[in-house]
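The structure that follows is given in the form of structure tokens.
We just call them A, B, C and D in the order they show up, numbering each chain from 1.
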Amino acid sequence: MDAVLVIQSLISGIMIGMVYALLSVGFSLTWGVMHVIHISHAAFGLLGAYLAYSLLTIYGIDPVVSAAASAPLLFILACGVYRLLIKPVTKAKEVIVASMILTFGLAIILENIMALIWKADPRIMTPAYASGALILGPFYFQHPHLVGFALSIAGIAAVYFFLKKTYTGMAVRAAWQQPEAAQLYGVNLYRISMITFALAVSTAGAGGISLALLNSFEPHSHNLWLIYLFLVVIVGGVGDIVGTALAGLIIGTITGLSMAFLPFQWVNLVTFGFLMVFLIFRPHGLFKQGA
Amino acid sequence: MLRVDNITVCYGRMEALRNVSLEVAPGEMAALIGGNGAGKTTLLNAISGLVPATGGAISWEGKALKGFAPDRICREGIVQVPEGRKLFPAMTVEENLVMGAYLPTVRKGSREALAHVYEIFPRLADRRRQLAGSLSGGEQQMAALGRALMARPRLLMLDEPSLGLSPKAAAEIFAIVRQLNQEGMSVLLVSQEVLETLAITVRGYVLENGAVAMEGPSAALREDPQVKASYLGL
Amino acid sequence: MQGNRRKGISLFAAVAVLCGLLLTAPGAAIGAGKPIVIGGSLPLTGEFAETGLWIERGMRYWAEEVNAKGGLLGRPVEFKIYDDQSNVGKAVTFAEKAITVDKVDLLFGGYPGTAARAVMAVAEKHRRVYVSMGGHMKSFQQGYTYSFGAPPLMGEWWYEGFFQWLNTVPADQRPKRAAVYTINNPVGLSLQDSINRWTKYLKIDVVINEKYNSPLTDATSLIVKAKQMNCDILFSNGFFPDGVTTVKAAKALDYNPKAIVQGIGSVVPAWVKELGKDGDYVFSGTVLHGMLNYPGNDKLNAYVKKRYKLPAYPLYFGFGYVWMQTLQQGVNGAKSLDQTKIRDWLKTHQVDTIAGPMTFDKYGLPAPINFATQIIDGKAELIFPKNIRTKEPVYPKPAWKK
Amino acid sequence: MKKAPLIAAAIVVVMLAAFPFLSPEVYYLSFMFSVFMYVILASSWNLIGGYAGYLSFGHAAFFGIGAFATAKMAALFELPPVLTILAAIPAGAIAALVAIVIGYPCLKIRGPYFAVVTLCFAFVVDLAVKNIEWLGGAEGIWMRIMDVQEKLSRSIMYEVMLILMVATLAVAWWVGRSRLGAGLRAVRADEEVAETMAIPTANIKIQAFVLSAFFPGVAGGLFAYYLTYIHPDVVFSINISILIVLMAMFGGGGTWLGPIIGAVILTMVNEGLSTFARAEIARIIYGTLFIVVTIFMPDGILHFFLKRNRGR
């Protein structure tokens, strides 16, 4: 098998995997910290993509700028969603199930609001550099891949440092590991949950924008994205930021390798099949030894 | 300083506390003793604002505290070291300590506080980069106590600090608590080790089935035949 | 207390949203006389919403036109359109609802091919004329007598025009090695048919012939392979998302074959609108085109230009219109709404539509129609047959401009 | 056992069975057919997802396996349409067999991880069928049309699906009151504790999983016949998998009645909305329904009313 093909497939596979990781980081966080499986996470990502699309086509604003600009917007929006919708279900007997049903409804609403605003036509994010590539020897680093990859690294690193180095971030981790004790030392769980949720949604926006640089999108695209979210989060381990990033790499590598070595017809099958086997043998993600 | 007046706490339809009153004077070390399920932890949690009290009042330096959220109560300087330590297991020892100074009011000067904690517990300084979940029981209790100190408490509430510790480690913890008290900190100590507890405290309360069964100077309680029979096995 | 208030706010918000939505929902259509009702379902939400909405627009434009001219058989026409949510099961149920509950006078065709395949059976069982794009050749071979492809979206025919044109290119300038990437679904499989026949005839070596399953998240490897194998013609037999991914990768990786042929994706208006210059020079086929010299096309183009700001009407707008046109002529010819009479009239007479004149064989199919198209300067131009050519084909494809 | 509910259920079944004899329009038969189908899917999912708390997100796989197995058998043995209906039963058995093979490794995995494994499983089956030409591949399979009047044909399908629904609900009822059900509930409450109580957890989970795969398999076979043409995209759709879960949970997971309530309400509301509101608006209202119900009844409709009654 040709080395250039293999390496080239790996390059783009890994870059795309990282973009999925950025989209997944927030999903992992809400799931891990709040026990809320946020089905409309990808729909918020798609909303970010649409906002960036409009900013690009109307005002010529670069998607990277939009990714930064849409983050606070989505943050505020998510705070409202948290207050009105998520908060009430955190009192349910089974938060995971209740939150899934609720956010499933929210995803349908978001999808159709986007269909009303932006119409059902597919869109492509085409900034000036969209179809260029950085050429290193025989290898091509496509610009959208590079930008998506860079955004993902930046986004995931930002979340990582937020959790590791800031008081609020530490409070998020503390609230997750030991909610009672965290409260005793002054952590307001409600506020922390809201911040976690809103932060997650803002990273979804950046993830959606990165993904929109790679593939076309339509109002229903979030359904497909959601599947990748689940896979990345489960492989990486729920709530594990570094794990999520690595899971993106691993899934990207698997896809890249199967793209290089297998008939294309079998690529998706092998990817999902591998993930299934992986989950059977390492059901708690990459690092955790058990629940 | 802290006054608990006739509070009642219910879990569903079960009354966990019934008309409980208690007081801790400034600089005092008070004891709260009682058997399993007597409601000791519930009382601390009610003071800390973790569980809502349905009736009665809690006041702190004349201020009404009942109904306040836990973070508000922590801000007042009432800090609890919860039963079973409840450290943040996947965070390092240092992160655990830093979390103690989470409130903005105590964040300033937390560096000095950290140095002070390491001074009191040199073992924690050695283990500062280690995950809290990997510590031994005694070290965990030290970390939990250290974390509480980071919040600069004026009233320290300790829930079963010696539970599951070796006698040596327990003695060490008690010694430190005693020293803290002597430096002026008010302490409310909850423990099943009745003898030791009553030995180092001034006043004590005996909780039974969610109500105060007895109260008085610790020395007197130690001599009380009923206490002797129920808790000291004499 | 706190919880209750929050719940109250939530309830209030929900009720407010609901009320707002109900107010914006359109009221029932106003009946005039006893209208002829045409019913069925289209995917107006979900995966195929875009196409479904274009078909609906085409149909509605036809109704506007017919009603302005006094209606069908002297009666106004009216639609009963259900949203099947891109779900084939629902398409079947709604077709049955239209037929048996709403007792519509006529049935209209749905989308996509999988839905059409299932609804064709419903139409047959209820003896209803069903004019649609069908589900490619296999669906018309099932022995259904009430189904018409007028015109069909026939994968098997899709590249006929292109290959006929390629046949006119001097042999030494034709591509020698082909890379064929096909989406693994009914459309893709049908598209392969003509490629297999013609590449053999034109002695083009099919070096790569692979299928992929949707979604295609990345086409880098596909393009690298084609590039390494020196393929000088690329067939990207897929829908819009995978088509875009493939073409974008071809540009990014600076892959310059003599021709890129794209199946169904490049006929969607978004192709030129969203891809811009990168979508240029892609070949495809069509059964319908605004520039074809058949009566009615000008009016449709003018309408679409005014209403949707598009240079020519999109394929599926045309489909919606032409299926209705066929049905209209069937009804007028049979002078009745009797389904069997309409069917028999359609089987024995010629209809004249914006897609040209058609007569149907026993499968309900017209003679194979296909025109080759190429996107040139952001417009889908007709390039073959010569007599309908709107622009000279650009071949070989110019190298990508960076 | 109390007689009243049994009599009520019997009356409902008899009324439902009598419905086609009133000669309703075909659509109502088809619509009820789909209501029954979703009741079957949600109730059988509930055996593993509700009682045992193992949320399977790949149940469309069994539905699709049943559909393709039926269609393939019909084509292979050139079965006349009436026998095709019967072929749905061995098709269900095939789905159950697959459930054994898959359940054995997958049921060792708990919580959300199980959900994702089953999700992957459904994709794998879907993609595999698409790549196997012998099964029709990405082209799909056509089935023969029954040579009787359409109303009669749909009435037959209606009655058959009704019988299957009654069978499913009877089994669900039995499981709910049997030792199996008690064991499953113990697993849901705390699997470790259940193990220490000497409940053969692995064994009963497999039993529940196999039962929960069998009925959707048969339903898939009937659905294939109902559609006349099946394609992997249609019968393996992730939307079906998710809808099943939502229906069961929406009504109240882990109860006998909950999935029935959920399936009936959601199917009816979705259908009803399509007729009175415009497409996107209808979907938005549908989505709002999930939100409103979850906020006010976070544990499902049935649990909400049970709790209220208990409160009085």
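The criterion applied here is as follows: contacts are C-beta pairs under 8 Å (C-beta built on N, C-alpha and C of every residue); 3 or more make two chains touch, one makes a residue touch a chain.
In this text, all values refer to a predicted model and were calculated from it rather than measured experimentally.
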item	value
Chain separated most widely from subunit D, comparing mean CA positions	B
Distance between the centres, which are taken as Cα means, of subunit D and subunit B, whole angstrom	54
Separation of subunit A from subunit D, taking each centre as the mean of its C-alpha atoms, in whole Å	31
Where subunit C touches two or more other chains, by residue	7, 10, 45, 49, 184, 211, 213
Shared-contact residues (touching 2 or more other chains) in subunit D	127, 131, 239, 280-281, 283-284, 288, 291, 295
For subunit B, residues contacting two or more additional chains	none
Chain contact graph, described as a line, ring, star, complete graph or other shape	other
Set of all touching chain pairs, with the criterion as stated earlier	A-B, A-C, A-D, C-D
Subunit A to subunit B touching residues, read off their complex	167, 170-171, 173-174, 177-178, 180-188
Contact footprint of subunit D on subunit A as seen in their complex	31, 37, 85, 88-89, 91-94, 96-98, 100-102, 104-109, 111-113, 115-116, 223, 227, 230-231, 234, 238, 265-266, 268-269, 272-273, 275-276, 279-280, 283-284, 291
Complex contact set, residues of subunit C against subunit A	3, 6-7, 9-10, 13, 45-47, 49-50, 52-53, 86, 181, 184, 210-213, 215, 217-218, 220-222, 224-225, 228, 240-241, 244-245, 248-249, 251-254, 268-270, 273-276, 278, 400, 402
Subunit C partner contacts - residues on subunit D that touch it in the complex	25-28, 30-31, 34, 127, 130-131, 137-140, 142, 145, 150, 153, 223, 226-229, 231, 233-234, 237, 239, 271, 274-285, 288, 291-292, 295-296
Residues of subunit A that touch subunit C when the two form their complex	2, 4-5, 8-9, 11-13, 16, 83-85, 87-88, 91, 111-112, 115, 119-124, 126, 130-133, 140, 142-144, 214-216, 218-220, 224, 255-256, 259-260, 263-265, 267-269
